[in-house]
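Quick heads-up: structures coming right below.
In the two complexes below, chain A is the common chain; its partner is chain B in one and chain C in the other.
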Partner chain A sequence: MSQQILVLCVEDEQEVRDAIVRDLEPFSGYFQVEAAEDATAAQEVLGETLSKGGLLGLALCDHLLPGETGVDFLVELNKDSRTAAARKVLITGQARLEDTIRAVNEAGLDNYIAKPWKREELQEIVKKQLTEFVLANVEDLLPYVNVLDGVRLLEEVRNRKSDT
Partner chain B sequence: MPLWRAISLIVAAIAFHIPWIFTFPDLSAEGHRVFSVFLLAVVLWITEAIPLHATAVLIIFLLILFISDRAIIPLPEEFAPDAVSFGQYFATLADPILMLFLGGFVLANCASKYSLDKNLARVVLTPFGSSPLWIIFGLMLVTAVFSMFMSNTATAATMMAVVLPIIRALPPGDRLGAGIALSIPFAANLGGIGTPIGTPPNAIAVSALTEQGFPIGFFEWMVMMIPFVIIIMVLAWLFIAWFFKSETKSITLNIESSFIKTPAAIVFYITFATTVLLWMTEALHGMSSSMVGFLPVVVLVATGVFTTKDLQTIQWHVLWLMAGGIALGAGVRHSGLDTWLIGLVDWENISTLLLVGLLALIAILMSTFISNTATANLIVPLGLTLAASSGVAITPVEAGVFIAVGCSLAMALPVSTPPNAIAYSSGVISTRNMMITGSLIGVAGWVIFIQLAPHVWELLGLMPEP
Partner chain C sequence: MSEAPTFGKQCVLLLCTAEPEQVRQAMSERLSEAGGPLLSVETVTGAEELRETLQVLEERSVPIPLIVMDDALEGGRGDDILLEIHENPRYRATRKLLLSRHSSLEDLTRLLNRGALNTRLKKPAENEELAEAVRKLVTDYFLEQAPGEVEHLSEYFDPRQLSHALVASERLRRDLAAQLRTLKRSFLSVTDLSDECLEEEMIREIDRVLDRPPRETTPAGTVMFREGEPVDKIWIIIEGKVRLSRMAQDKEVVMHMESAGKIVGLLALAQRQTAFYTCRTATELTALPITLEQLDLALQASADLSVYFDTVLIRTLATRVRRSAELQVEVENLNTALSKERDQLAETLDLLQRTQSRLLETEKMATLGLLSAGIAHELNNPISAILRSAEYFAEDLEAIHRLVEGGEQLTERLRAARQLKALPTREERRFRERLGKELNDMALARRLVGIGVYKREEYEALFRGLPAGAREERLKLLERVHKLGTGLRNIHSAAERVTNIVKSLRSYARPDEFSPAFEEIHEGLEDTLLLFGPGLKNVRVERRYGKLPKVECLAAQLNQVWTNLISNSLEAMGGKGTLTIETEAASDGQHVHVRIIDSGPGIPKEVQERIFGLHFTTKQGRVQFGLGMGLSICQRIVNRHGGSIELDSRPGRTCFTVTLPVRYPGESRKKLQRPGTPAQDQQESKHGEAS
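For the complex of A and B:
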């Protein structure tokens, strides 16, 4: 793969974090799946990927975190031109209505997953969000046909590629 | 910059300078200049250090700078009077064969916009039922026919999108999935042989042959090619069905079709049908395929069926790549470089069969690893000159056509053609299976074409005397 695409999970409870990473296992060969315990650690991981020329594809955030909240973190990502294109998902049980509204309006939230989640549901949402991301931001779609929504990617390949 | 690219560019620069530093006996001054462009093109098209179409426009630019009537380093006096006007090199970007392709692109992009290809595929597949053997046959048939009129790549992508859900629904490890996935690129590559617009190498050959006084009509090309395409396809089908035999006895295809019936879509359907009909009946009305090809461009743009935004979806880079080849061919011919290169080998005592086989084989081998169009761009001009030289036992038509066919028969690796890469992306095909099946089909196709085609064409009166 020419360019690393980061899938970043931010979750403070270790067990929950491990569960999310385990559920994202199918994507790990194609994307760089990383987990962080809070917004500061997440920024570090993100900074490293960006400095190597990688992209943030998906941020999957809990809301209640020590320090900066998940919603604030997502709003920050949305304001930064380097990460604005990333798909943003809240995975939480305790976001108040006004936080959620702020996430939709100011962070461009793409999906809200209520805890507890089902593995298939999480995988479907991640697949859909990453498909949207690569369609909009990646030129060569073929490496992702096998792991994302292959039919949609191939229909777009049809418009992009020709005999050479 | 990656190391590979840096090395490629250095090698290209060195290759480019060779004819400026060394003087080759019997090669004209003009020939030396074109030789340097030719060597540069060889290196850049093999390494893809810059995009293929970038090399193509570079070729056009260099030919204008070096050997046109406006050359910046003046040509020696004996060549100057008949130097080609610089406008003619620019004009390769609108060569008639490219206008034919432009028409094909507009039709194909409209077919995608109005989902005609997807809907037609489903209708045609309906009668093939649920037996894997017949479904593979149906898929190959539809893919081959579509790829005669659309790019092989677009066809393969469309058809893979249709079959991907079936492949995913098979039990894990079922070989049938690989068989289905492989049948599509192979049918697309083979179907591309069927018409002049099937794939760019055909057009490169037709354009060069027309230039040398051997025009081949759209329908005439189809008559020459399709019988052999059918034979190879049937063999490929039987082999795939046998090699990927599986326990699965029945598969379900989603064949619900919903044709779009808006006025714009109907205008497109009528234009499409009319264009194909006119292409097939050139003998009746005398309009060349390029002229016919411009009809859908005009009609669909004028009626707003094909919008300004759609116009930006045209694969201009493919047209540029072909133009680069046409310009290079013209430069090579005009400068006498071709005669000099061919003269390096004594061809006189080599039999027709061997020559034809050799040309096709070179095309297959080269285009297995590099772009099919680039392969045709480089070897069609040389092949035609070889055929035109005295004492050589093949006709220019044979040379051009076999090179084009050879380019399409290369399908042994995922990198060989974009359709192969698309099928490979499904994740169900191993490189090994693609190599086995692809090289067998390539070799079978090669044998069938060189053994049968020249005799059949002669019988049908399609081959001018050598």
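For the complex of A and C:
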């Protein structure tokens, strides 16, 4: 893999974090799945990845976090040119409508997952969002054909070949 | 009337007689002497001459106080001539004296009845007798026609006559005075008489004057006359009562009963003979009906009756006027009472509405409490099942481990995973990096840290004695076991949290709490804080709990207070800052203080004063979120506990101090009933007013 693509999960409750990380296991061989308990820890991980030339592919955030809220964090990501392209998903049980609207308008929120979530649902959403990300940001799509939406990726691969 | 004779002006005494010259002369002298200087005597002998003389005298306007008429005249009888003269109004006042030998009674009666004769003397009249009669008649004349002259002329007049006249005039004066007194008595003196006496007098007088007119007896309930219909008589009530009423909006309004008085039909007389009231007998009635003609007659005939009647009338009308005034006052009073009642009703309505909203609030909380408790109860079962299942999973796994080779290691990893305290993600990454460098294998390091192996030595101990080919296999197995372990741990801790929430919810809501009990204030505060859950994530909660006695209270209600106050604080701080909860036993040992302090921007002074008001609104007329309603509920609950809430606020520190007595107020304790029942609500409104 030429470039590390980070999947960042921000969730303060350890049991929930464990559950999400385990749900994301199918992707862990292809993406760098990292968990953080708050926005500060998330920024650290992100900083490391970016400094190593990695990309942020997907941010999966709870809203109510100690310190900065999930929406605030997503808005920040959206403002930073290095992370603006990342797909952004809110996974929460407590975000109010206003917060969510703000996430959509200001953070370019791509998806909203209500707790409690189902594993298949979460995996489906992550798969779709990461497919979008790699289609838009990655040159070599073939490594992701097995883990993401293979049909769409292969189609894109063919398209690109015919373009050149 | 002829011209009044004045002093110095000659008046004429006419002597008409057909007597021979000598006798005429003697008579004339005598008369002249008797008449005095005022009178000159003219003598005529016949009717024709008399007429001529009268003609002349009339032209000269000479008054003729007296005609002395002999019955034998030339050309006519004396009495006829006198009558003829009397017919002329000019000579009405002239005194007329007839001298006759024989006069029939008829003749004299004729003259007398016409007023044409004042004196008749029998012929031949004695000189003295004639002189005296003349003096008397002339004096009479002057007394009547020119009383002012009499004084000056007294010597010429008949002194007896004068004194008579004086006596008569005095009597007249006295009569007049008496009459005046009588009249005065009608309105003044008669007031001394009681109504009954006066009425008796009046009826007696009517009976006397009208010769006891017949009484009428009417049974009770009879309409005697009807409003607006003609009435041509009055009734003087002798016994019984009537009711006077008028129609008002299709309703008969009784105006007078006791106040009707003894005379009815009077207003009708004043009102052009149509009745003002409808008069109905209230009892059997005995009355004296009197037509207007009879009344007129009777009043003319008796001054006393006038007095009595007028007085009774005035008293009757006065009574009715008084009654009307009383009715007016009564109506005023009724209006006042009515408007007072209306105000009271409005107040009551307002109170009811407020009570209703309170009831609703109480009901809502009770329902919420019941629901929460119900949910909590329902949750206990699945949680118990989850916890128990997790326990058995662990036991079963360990049993399986005992059956496989190297199973002890698996059990050890499982237990370690279950006990493992999760590291902060940051530290985990540090371990990962270090281990990765030491092993020169980042992927392996990641997996090892994932199963809680942070050090190289640990790793080496774990795989010691295993061939390199079997290591991957073992690692996979350990990863699985670790995940089982942490999964079990997570199940346990998550279920634990649910259990705590359920417990707090139940002790918070307490739907079955109807009487105060001694409770730990701190427990209620902790339950409340726990239920705020994620709302407190960005708030530093500082607990400064003092040593408190148990407080006799309704814990669920106090939890509402803590919830409202903490909620207000969080709202004020925008969810970030420091929330300090401070408790302290008062030095008197009878009270405790609970302070909820936030680091928010503070509440403006002008808002502080109204903040506990039920209808507190901001300038825009909108209820400020989290304030107002909530605080008025707090106030009511605390008041019911016999406590108080104080507010002290400045930027950066807003402190609500709740002071509670250790003992619940005794009076309230007795009255305490199910929430939302009227007795308790009364309690509430009483406290509400006091606050």
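The criterion applied here is as follows: the second predicted complex is superposed on the first by the 161 of 164 C-alpha atoms of A that agree within 3 Å, B and C clash if a C-alpha of one lies under 4 Å from a C-alpha of the other, contacts with A are read in each partner's own complex, and residues count from 1 in each chain.
The rule we apply is simple: a residue touches a chain if its C-beta (ideal position, glycine included) is under 8 Å from a C-beta of that chain, and two chains touch if they have at least 3 such contacts.
Quantities reported herein were computed from a predicted structural model and do not represent experimental measurements.
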item: Three-chain arrangement built on chain A, chain B and chain C clash or fit; value: fit
item: Chain A residues touched - chain C or chain B, whichever exceeds; value: C
item: Touching partner for A:V45 - first (chain B), second (chain C), both, neither; value: second
item: Chain B versus chain C as contact partner of A:A36, first or second or both or neither; value: second
item: Touching partner for A:R22 - first (chain B), second (chain C), both, neither; value: second
item: First, second, both or neither for A:S162, with chain B first and chain C second; value: first
item: Partner chain in contact with A:V145 - chain B first, chain C second, else both or neither; value: first
item: Which superposed partner A:L65 touches (first chain B, second chain C, both, neither); value: second
item: Which of chain B and chain C A:L154 touches, first, second, both or neither; value: first
item: Distance of closest approach, chain C and chain B, by C-alpha atoms in Å; value: 20
item: Residues of chain A contacting chain B in one complex and chain C in the other; value: none
item: Interfacial residue positions of chain A with respect to chain C in the complex; value: 12, 14-15, 17-19, 22, 34-37, 41, 44-45, 64-67, 94
item: Interfacial residue positions of chain C with respect to chain A in the complex; value: 422, 424-426, 429, 483, 486-487, 490, 493-494, 534, 537-538
item: Residue ranges of chain A in contact with chain B within the complex; value: 142-143, 145-146, 150-151, 154-155, 157-159, 161-164
item: Chain B - residues contacting chain A, complex; value: 52, 105, 109, 112, 151-154, 157-158, 160-161, 164-165, 168, 192, 199-200, 313, 315, 317-318, 321, 371-374, 417-418, 421-422, 424-427
